[in-house]
Amino acid sequence: MADKPRVAIFDFTGCEGCELNQLNFEDQLLDILAHVDIVEWREAMDGHADEYDIAFVEGSLSTPDCIQRIHEVRRKAKVLVALGACAVQGGVNAVKNTHPIDEVREEVYGQDKYLFPTLPALPLSSVVKVDYNVRGCPMTQIEFLKVFTSLVMGKEPVEPEHSVCVECKLKENECVFERGMICLGPVIRAGCDAQCPSVGQYCTGCRGLVPEPNLEGMEEILVSHGLSVDEAWKRLELYNANEVEGVRS
Amino acid sequence: MVQLFLESDRVAELVAHLMKQKSVFAPHAKGRKSFAFEEVKDPSAAVLDYPRVMHSIRKFFFPPQETLMTFDLKENTCSVAETPAADAIFFGVHSYDLGAVHRLDYNFSEGNPEKNYIARRQGAVFVGVSYKPDEFHFSGSVGIDPYDTAGFDIFLTKLLDGYIVEALTPVGEGLLDGIELPAHEAGKPARGHFQQHIYLPQAKLGQVMDGSYQNEVWDDTAKKCVGCGTCNLVCPTCYCFTVEDEVNVQVTGGSRDRRWDGCMLRDFSAVAGGEVFRETLAERQRHRVFRKFKYISDETGQPWCVGCGRCTACCTAGISIVNIINRLVGDYEKVAVTPI
Amino acid sequence: MSTNLDINVKHLTRVEGHGNIVVNMKEGVLEKAQLEIVEAPRYFEAMLKGRSFHEAAIITSRICGICSLGHQITSLKTTEQALGLEVSEQTVLLRKLLIHGANLQSNILHAYFLAAPDFLNVGSVFPLVGTHPEVVLRALRMKRLANDIGDVVSGRAVHPITPVPGGFTRIPTAAELLELKRRLVEDMVPDFAATVETLKTLAGAIPAFERDTEYISLRSDDEYAMYDGDICSTDTGRVPDSEYLRMSNEFIVPHSTSKHCKVNRSSYMVGALARWNNNHDKLCDLAKGAAEELGLKPGCTNPYMNTIAQVVECAHCVVDSLAIIDKLLGDGLKDEQPNQEPTRYGTGIGCTEVPRGILYHEYEYDRQGRMVKANCIIPTGQNLENIDDDMKKLVPEIIDKSKEEITLHLEMLVRAYDPCISCSVHMLDVDFIE
Amino acid sequence: MINFEMVSPDNAKDLYLPVMAEIIKVEQMTELETLYTVALPDGAELGHKPGQFVELSIFGVGEAPFSISSSPTMPGVFELGVRKVGMLTEVLSRMQPGQKVGIRGPFGNGIDLENFKGKDVLIVAGGIGLVPMRSMINYVIDNQQDFGKLHIVYGARTDSELLFEDELERWTADAGIDYRVTVDQGSSEWTGPTGVITTLIPGLELDLANTVCCICGPPVMYRFALMALKSKGLPERNIYMSLERRMKCGVGKCGHCQINSSYVCHDGPVYHYPEIKSLQEAL
């Protein structure tokens, strides 16, 4: 990328919190703009672009229209970065996938449920090739900057594979288990600097599971700290329903 | 050795006296029921009666995250980061944590002596305090007594109403100059009992480990272990690290930083191409325990575990290193012991 | 004068979420003037079913990143009422502080980043970096501080972390609050004055358009109602929040994946302008002064003035934040644990003023503390019918203008409402024809 | 207490600070592998032994270990053969002559030349394993008087992945070298043998008691090469192998490269087989 890379930002099914978090780079926004040209960003500007070097995409895929649009984005983008839990894992949206889809529709539409088409909430990677992930709900700002500077430098961003506990311990936080709470940190990917335990809240798992998680072991931990088996899996599912579904027996 | 007496309500006075001479670091209450070593700002906030601090004082000599060098991307140059000497009094250290510092001294000094650690380590003065073993301590089983004064400049032994104060080095004696303390006449009280034990004398552990490479305990433990790495990160004798370059947003420079790492983590031994040299949690757990009880121990004759109990206390899955060792001891002695 | 007009703005920019403006006039007869909501439906009520009360606010705050704090606080109030969890005065004060922070950040974002480019005739805030650097830097500084209120008090401005049922998992320190106070006084107050000055020079760009409608907001005797109060209509006065269903009356229209609302007339408006019309007497002097300078008068019926009402409200947020910080520090911060021991299991209703207007949640929990039923009524949904009615009145009034100008007027109108579309589609998925 | 004396700060070293070395020449060997010729500042000699490695760093990207591929007999510069596999090697693959990289080292024990002197030398190299072994090969060639016969057994996945083609030709032509090569899967142009590297070992004519062997290749190769060599009758004590592990410091501190109790960066990467036979994690 010789000249300034052209960047486009898109949103699919999600809360747009990740995009907002980009607008929240008050201290770095001008530096970021110095390195790239933003050519399309519906939430913040008018205009469309036909081609771009990097597409940042927020949100999960949940309608036929989404699927069509993501293919188009992929075609036009050299590098596609999934932004946030919805785009990377399906996010909170995927909780609906754990209920039979008919039940979901009935809950919302009652007898009119067959009027409305819907798909399970899917991560981008289930439909197109995703080059890099910026995880988190909302996407983690420090990680976004890492991926961003890496792309500007032309190097591959690397994703952490260790658990949130590692970062939590580096900060010498009191483990929230010590406060009689539960926490998903042991099986969740680091990169957020253990944001939630650092302020006394348990890690709800927004950054996705570590590779090869021992989920049975995690279930045992949660149950030994007072959750029912069902509740334990529900907590694990909050952001990771698409991954956990396969494992839960 | 001259023994002096410090009343409980004069501890803050002693801390204030020490603060006049050097900066003082001491345990402070942190969170709901934890303790952490921090620089003392208010002498009355220093705590002497605590089970264990979350991180041992290793964090001052080998910080959790540390910049090794900074670099300039435009000029393609680098310069080494400052590593100032600690030059402070560490007040209220438990004997096992000082034992752990000595082990780190060995690791960073033998082979290639590392400036970062050794420079930071300079000027450190240690004031120890005895402790009452809780349900996790087992340092008695690895040869470190709660009253062990080895390496301390001053040691405080807890009595009901105060502390016996002993200056053990000339530095320690100097620090006590100018504070009036009465002599302590009676001897030291008997120390509290450990609730946790390894069921075999330390000297025989080497033999136990020799036959333990293939043992079911590793697989059994791996079923419960979630590989979060906490046991490595809290261990006062763990010294592994990883290194990563950070680049600023302007993309003009950055720093090469290191942070604590742990052999329980999957990516610790992963290389490009996807090969992971210790693929399973069982192999990783074994490596951790062997690092504490065999590998360096064969070289030095000392266990590299100091019995602080942190890894057990912090393990959310409830895995106990004492139970693992005792399972191995049991198999070695052919007797049944507690399950892990 | 053209008698045929066909406007179709697909995926309107600089609003939150996906919506299309469709206007269709044939031979002088307006066939269609509406905001079509095409955001994908998200099924939040279904997601909440069976979830622990610990998770309710975590999930509902993901309805919307822009108003995540509003959803979170409303959800917590609802859960606390349903489970009989008392919260301390400190908790309430901290929540009010958070609401001010969120309101500030949202209003500043809207005024500077989303609306201002219209006044200055550019497509986004980015070109302003070159042409009006001091304005952009000021906007960033104000937004940073507003977000920092969220970061300090709730751990993170977007999807706050520490507010949980029964209180907070972490209480900010006195030093952190003092620093916020210092920055509010030293930076925010002068920046606000400068904002008013800047806006005064742009006031001519605000279209003159009036349409009388019903305005609904919270109202309280004690203060400018944000955290709680009665539901108050300019048409029919105050009712308690338990009557929220009657005061919103959701109904389905075919061109929107979000439900519409009406009460006493064909439509009503919520948001900063509704709050101003109902509660201007409760504003602080700084806000009242700003309103006067910017020409915002009680009983205002120009929806474009919503942006101005938002700016005026900012002054109140700043002044009241300072008062809250003083009170918290004066009382002394207490390291309280959240109260999470339910005393009952039943139904709760929560309503709060969030930046875009009144937000209602209603939950029912079972005896395990799991959600049985949930209902959320979102401000943008309540405004949609009002937007359509505005457009229907506006288009004939400006039909002499060029198509581009008409389109811009319509886009500006919709943006003036600062609609938050992803919020509004929590419920419905309706097929519509473009 | 642990019985030892801590080094004084004056004797401790800045272990992690690289010197800036210049890339003199870049030669694309295959699609993935590139050979870099590197010069230290002020014409300084690296002073390495065959089998040692350096830590190469690119600021902002990171640092990684690479074996020194040139023989110590090559003056003034040294060579690194690098396969593009990840973050650092990808950025490195775009670098041009004149650009500078950080170098620390040489590190590691290197090949214990004393044990090879006066003996026949057998090199078994798989894939990129030829990169480190080439240092030894060229060292032996340049010091022929000190060694007996040189056998080279080399295997690659395909003929397009064969490294150092000029040199391979020279080795083939040199009557003094017994050079054998095989590829797992040959292209239509390939006329040599196909099959995994171990298929070449039975046919070797070795003076078993007087031949010292060094093996280097991908992790899976070691066990099979060993089996073949042992069934050939080569005594275990004549076998050396160069191993690879993740490394973060190269100086025996970071812990990543440990094989049981042994540090690859310090005690290796070249191991005497009888010494690591008992290390379960080695092979």
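Order of writing sets the chain letters: A, B, C and D. Residues in each chain are counted from 1.
We take it that a residue touches a chain if its C-beta (ideal position, glycine included) is under 8 Å from a C-beta of that chain, and two chains touch if they have at least 3 such contacts.
On a predicted model such as this, the values are computed, not experimentally measured, just so you know.
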{"item": "Which of A-B and A-D has more C-beta contact pairs", "value": "A-B"}
{"item": "Most centrally placed chain - per-chain CA mean versus overall CA mean", "value": "A"}
{"item": "Taking each chain's C-alpha mean as its centre, the one farthest from chain C", "value": "D"}
{"item": "Centre-of-Cα separation between chain C and chain B, whole angstrom", "value": "51"}
{"item": "Intercentroid distance (Cα basis), chain D paired with chain A, Å", "value": "42"}
{"item": "Rounded Å distance between chain A and chain B, as computed from the means of their C-alpha atoms", "value": "37"}
{"item": "Rounded Å distance between chain C and chain D, as computed from the means of their C-alpha atoms", "value": "65"}
{"item": "Residues of chain B engaged with two or more neighbouring chains", "value": "32, 247, 251, 270"}
{"item": "Overlap residues in chain D, where contacts from two or more other chains coincide", "value": "60-61, 86"}
{"item": "Shared-contact residues (touching 2 or more other chains) in chain A", "value": "153"}
{"item": "Which chain pairs touch, all of them", "value": "A-B, A-C, A-D, B-D"}
{"item": "Touching residues (chain side chain A, partner chain C) in the complex", "value": "11-21, 23-24, 26-27, 29-30, 33, 38, 41-47, 62-63, 65-66, 91-93, 95-96, 99, 103-105, 107-109, 115-118, 137-138, 195-196, 198-201, 204, 231, 234-235, 238"}
{"item": "Residue ranges of chain D in contact with chain A within the complex", "value": "60-61, 86-87, 90-91, 94"}
{"item": "Touching residues (chain side chain B, partner chain A) in the complex", "value": "30-34, 36, 54-55, 59, 64-65, 222-230, 233-234, 246-251, 259-260, 262, 265-267, 270, 281, 314, 316-318"}
{"item": "In the complex, chain B residues that touch chain D", "value": "68-69, 71-73, 76-78, 80, 85, 99, 102-103, 105-119, 121-122, 150-151, 213, 239-245, 247, 251, 254, 256, 258, 261, 263, 268-273, 275, 277-278, 283, 287, 290-291, 294-296, 298-302"}
{"item": "Touching residues on chain D, where the partner in the complex is chain B", "value": "1-4, 6-9, 11-18, 20, 57, 59-63, 85-86, 89, 99-100, 102, 219, 244-246, 248-249, 251-256, 258-261, 266, 280-281"}
